[in-house]
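One chain, chain A, appears in both complexes that follow, with chain B as partner in the first and chain C in the second.
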Partner chain A sequence: MSKRKVRIATTSLAGCFGCHMSLLDIDERIVDLMAIAEFDRSPLNDKKTFTRRCDIGLVEGGCCNEDNVHVLKEFRKNCDVLVAVGQCAIMGGLPVMRNAIMHSEDPLRECLDEAYTTSKVLNPSKQIPNDPALPLILDKVYTCAQVVKIDYQIPGCPPSGDTLWAALTALIKNEEPTLDYALIKFD
Partner chain B sequence: MSDKDHLTLNIDGQKITAKRGQTLMQACDAAGVYIPRLCDSEGLEPQGSCRVCSVKLNGRVVAACTQPVVANAHIESETEEINRYRKDLVSMLFHEGNHLCPICEASGRCELQAMAYRLGISQAAPHPYLEPVRPVDASHPDIALDNNRCILCGRCIRASRDVDGKHVFEYIGRGIHKRIGVNADCLAETDASIDDHAMSLEVCPVGCIIRKREGFFAPVGERLYDTEVIGRDIETQQPHHHSLHKIEVKQIDPADFPPFNKDDNGDTV
Partner chain C sequence: MEHQKVIQQICADLGNDPKRMMDILWTVQDRLGCIAPASMGLIADLTHTQRVVVEGVVSFYAFFHQEVQGQNVIYLCEDIIDQHAGFNALKETVESCLGIQPGQMTKDGLFSFYLAPSIGMCDQAPAALINQTPVTKLTPTLLKRIINNLRKGKPVAATIPKLGDGNNSHPLIQSMVQNNVRKQGEVLLSGHQNDEGLSKALSLSPAEVIDYVLKADLKGRGGAGYRSAEKWKIAADTPAKSRFLICNADEGEPGTFKDRLLLTERAHQLIEGMTIAAYAIEATQGILYLRAEYRYLQPYLESVLSERRQKALLGENISDTDFDFDIRIQLGAGAYICGEESALISSCEGKRGEPTTKPPFPAVYGYLGLPTIVNNVETFCNLPPILAKGSDWFRSIGTEKSKGTKLLSVCGDCDRPGIYELPMGIKLSEVLSSCGALNTEAVQVGGASGVLIGRSDFDRQLCFEDLPTAGAIMIFNSQRNILKIVNYFMHFFIEESCGYCTPCRVGNVFLKERLDKIMNGLGEPADLEYLRNLSATVRETSRCGLGHTSPNPILSSMENFPLVYAALLKEHPSGEQAGFNIQKALDESRIIAKRRSLIYDPDFSSGEGRGNQE
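Let's turn to the complex of A and B:
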């Protein structure tokens, strides 16, 4: 019986999808990757749920709403190794800028007002989106490690294709994903 | 060589000659041996506060920037133990402030970030992000202060006091509440000027002192530390690949172009 393929799941929480786009920057190496790995739950194949337990979970983005927390917990439950990919997942990234208004008495209100009511951005109704289908926004942005245990992190905004490749191949080989100097970037 | 004015140091097995009266850091710099540092900057009085320059001198940990050279010095610098201390110190600085590198205009030329790269900090530190609430002072017409990125190195204090002869900056508060203050209610009310040495790009190692309207002048790939490791200039005694400063590009005068002589079909007219 041949060895089974490594199962990888990916998700984008409060991220911009740049980290997923960067994964595609491994270019033709994706052929080598698909020879040894298969994707389970991932926006890359549009699978919305886990079909079985995965070896590696790649998480882009931190948590800014309750759905992000729910998905992140599912990933922790279903993945042996959980990796925070990119600055958003690691330290909140761009969305975490809203935590800077935490000095306010009512930070979330101030954030929403700034975005929808008082700002000069065109929003004629001045309404704050409140559809029941929308996940509730959290009081502030949380990093992945503040919500679940994270095993490794791959820095960058986004990490380059080469960085992702180096880290991913190490993880597939069951090695520590140490990155060479040229591959460590925080932006 | 050992005489009245000189002595020999042994650093990581390499013998270098130092002048008496030099600090370990000065002697190593002159010999092309780089010791990581953050609060020390050429031309400013050393202050010995960040401890990133920690080395072992005859078995004891000392700050290389303030420690004078001594006879029979056996120094350990690039060892696993010392680099582990340095890694911890640098990653704690990231966790103590609010360092959002993707939106920071110092990114790529920031000494804190470059030091993290040099030390190979890629995995999570065991420390929580403290996410302090710190003010931004954008009152001055030419300068902004984003305290979220301040690492309290004190370089601005020494530059303003000792080079500019002003006292724009000072430490206020203690312990975890210690921060940089200005000697008025806000920067605009001080005698700070964009031409002060304290406001130059050499002084603030991070993106706290911001020169307005100058940010992001160097594209990614051409920033100071995009192509070289911090300390390479000392190790190789060669200048940096890229400038810390904006290089004035000569504007092209449209009159210098030859007249456009093709019609819509690409035929010469």
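Let's turn to the complex of A and C:
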């Protein structure tokens, strides 16, 4: 009997999908990957819920709203190994810049005002989006590791396809992933 | 414009010299109440520099203000020793008497109120600087009286109970500070200031003086413990058209106040020592870098300098030789990092007090690019007795690797806080018993950047080979909260980091955040690992001694008080982080959006909240 396929789940929280695009940069190696692994919950196959427990969860982006928190906790609950992929997931990335508004009496309001009402960006209605279907945004952006325990972090914005490949294949083989200097050298 | 004329005059008096920026800014602030953004451009033009450079300097130092200050300015020392001695009651007193918080000014413009890190009065805490006058052993009653009298226009000096001992009552000092000398040792505090050491030095060649001090094996008293004469040799051997000498009287390390005593009672000995060192390295000019908290000593120190000039012990042709050497006093402006020698040099050059990358070391490339020797006040004070009584005499005191005596600044929970001059190698337990420390739980040796040790280490020796210290011995009894002490030190480093390196600027904040988490009862065993790893990163990747030592309080307390940490840690098996509180994170959003959470408000009217699944 052949071994069962390793189950991988992925999600994009407060990220730009760049990390997911980068995962596709493994190019034809995706064929090799599909030989040993399968995707469960993931935007790549548009599965919106977990069908079963997964071995590996890849998380792109940090948490800027309640839905991000909810999804991240779901991932923690359903994945054996949880990996924060990219700067947004690890440090907050671009979204976390709003945390710099910290010396204000009401940082969140100031942030929304600056984005939608007082800035020069075209927004004739001056309205702050508030559809009931929109998840509430958090007081500030939290990194993944601030919300749940994270087992591994893969640096980069985004990490290159080669980097992701190296990390992912090691994890699939149940080995400690190591990244060569070239894979984490960014300049 | 009136202000414009004043500023022009001030800059002209200091030669429109950008190197004298510190003095220019001090004088502008003294005269005009602040260094207003509007005047920075003018100062920049007059000193041929850019406005951003001036603003950079102003914003760097805690004592420089861009907003108008009150006529009276209160700096309350918030150090941990003061906190244990009644700081909170004093803070409340100011807040209730004046109705302002730290950083604010009263509406009538009469008072400004700030907090300050250690102002060097830890042996007579709690203390404050009010209009630059130190007020010690402060009580709410005394503080109220001072404030009321200031309202009536009566200066602080008129309200303080009585003048301190020794030179503290000198007409040029007139301060209530007490010397609190508890033990006079053989080298520094007994004996006379008679310039015998200088005469001896001048009878030798400069190289012979260096050898003499090398033989005495004098090591620096400012913290790092580098062999003084070796450093001098490097400067002396560096070819240059002239060399420079600086005395480090920045004494910013919390818990250290021994230089305050030497500046008050041994000023002649200090200047004599500086003159000897200048002769040895053939320097013709020097600076005494005085921390702003000790500004009350400046008029007296100036008078000592001029007295010595009159007696031909300073200035041109010292003691009828062809040796010239003179000193100016450079006032700091409230920055701990300026105690670091390269930052101190930057500050003397009129810049932000940022350390420089080493090498080159100051002994090779220092003030204005000249080979520069920076030594601590106490180091210089050791020179006259060494020259007068001989290297062998000095070597006979102390231990194998630490010769001579050490001035200890003892403070905290003990009956007799103050200055103890003891031979190097004294056991900490002996210090504790001579100062009457009962029920001691922990001692911070070496100030904030030192180590926190517990009972099992009290038999260790204070010397370079065992427990080195620039002098600070802070004593904490069993009533004190160990983590609160450590937390204060982290707060101190965060405030005092110059901000140049990310590991120090950001790492110290993260260290404190994690410590806060543990103190709030949310800690997990993995947090200790995190603290250890991050501490190692901060240590290894920071540029200067501040970042190299800032993790010390955390690391040493984790090592010496493991149970204190362990008692607060518990596993959170769910995989969720205990420090994260979704309800708190949503509070503001609920108010702004005027709706509740679809996910996290379980009683959401539809009853279908996704929160049910969690």
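In the analysis below, the second predicted complex is superposed on the first by the 184 of 187 C-alpha atoms of A that agree within 3 Å, B and C clash if a C-alpha of one lies under 4 Å from a C-alpha of the other, contacts with A are read in each partner's own complex, and residues count from 1 in each chain.
By our rule, a contact is a pair of C-beta atoms (placed from the backbone, for glycine too) under 8 Å apart; a residue touches a chain by one contact, two chains touch by 3 or more.
This is a predicted model, so every value here is computed, not measured.
Clashing of chain B with chain C is the outcome of superposition onto chain A. By the document's definition of touching, of the two partners only chain B reaches A:Gln87; chain C does not. In the superposition on chain A, contact is made by A:Arg109 with chain C only, not with chain B. By the touch criterion defined above, A:Gln153 reaches chain B but does not reach chain C. In the superposition on chain A, contact is made by A:Leu136 with chain C only, not with chain B.
Of the two partner chains, chain B is the only one that A:Ile184 touches; chain C does not reach it.
When the two complexes are overlaid on their common chain A, residue A:Cys16 makes contact with neither chain B nor chain C.
Residue contacts after overlaying the shared chain place A:Asp67 against chain C, while chain B stays out of touching range.
In the superposition on chain A, A:Ala145 contacts both chain B and chain C.
In the overlay built on the shared chain, the residue A:Arg76 is in contact with chain C alone; chain B does not reach it. Superposing the two complexes on chain A places one region of chain C into the space of chain B, and among 455-463, 491-499 or 581-589 that region is 491-499.
Looking at chain A, you'll find residues 145-146 touch chain B in one structure and chain C in the other. Residues of chain C touching chain A in their complex: 526, 575-577, 579-580, 582, 584-590, 592-595, 597-600, 610, 614. Partner chain A is touched in their complex by these residues of chain B: 98-104, 107-108, 113, 116-118, 120-124, 128-129, 131, 133, 148, 220, 229.
Taken together, the chain A residues at the contact with chain B in this complex read 84, 87, 90-94, 96-97, 99-100, 102-103, 143, 145-146, 150, 152-155, 157, 178-179, 181, 184-187. Interface of chain A with chain C (complex): residues 66-67, 69-70, 73, 76-77, 82, 106, 108-109, 112, 128, 130, 132, 135-140, 142, 145-149.
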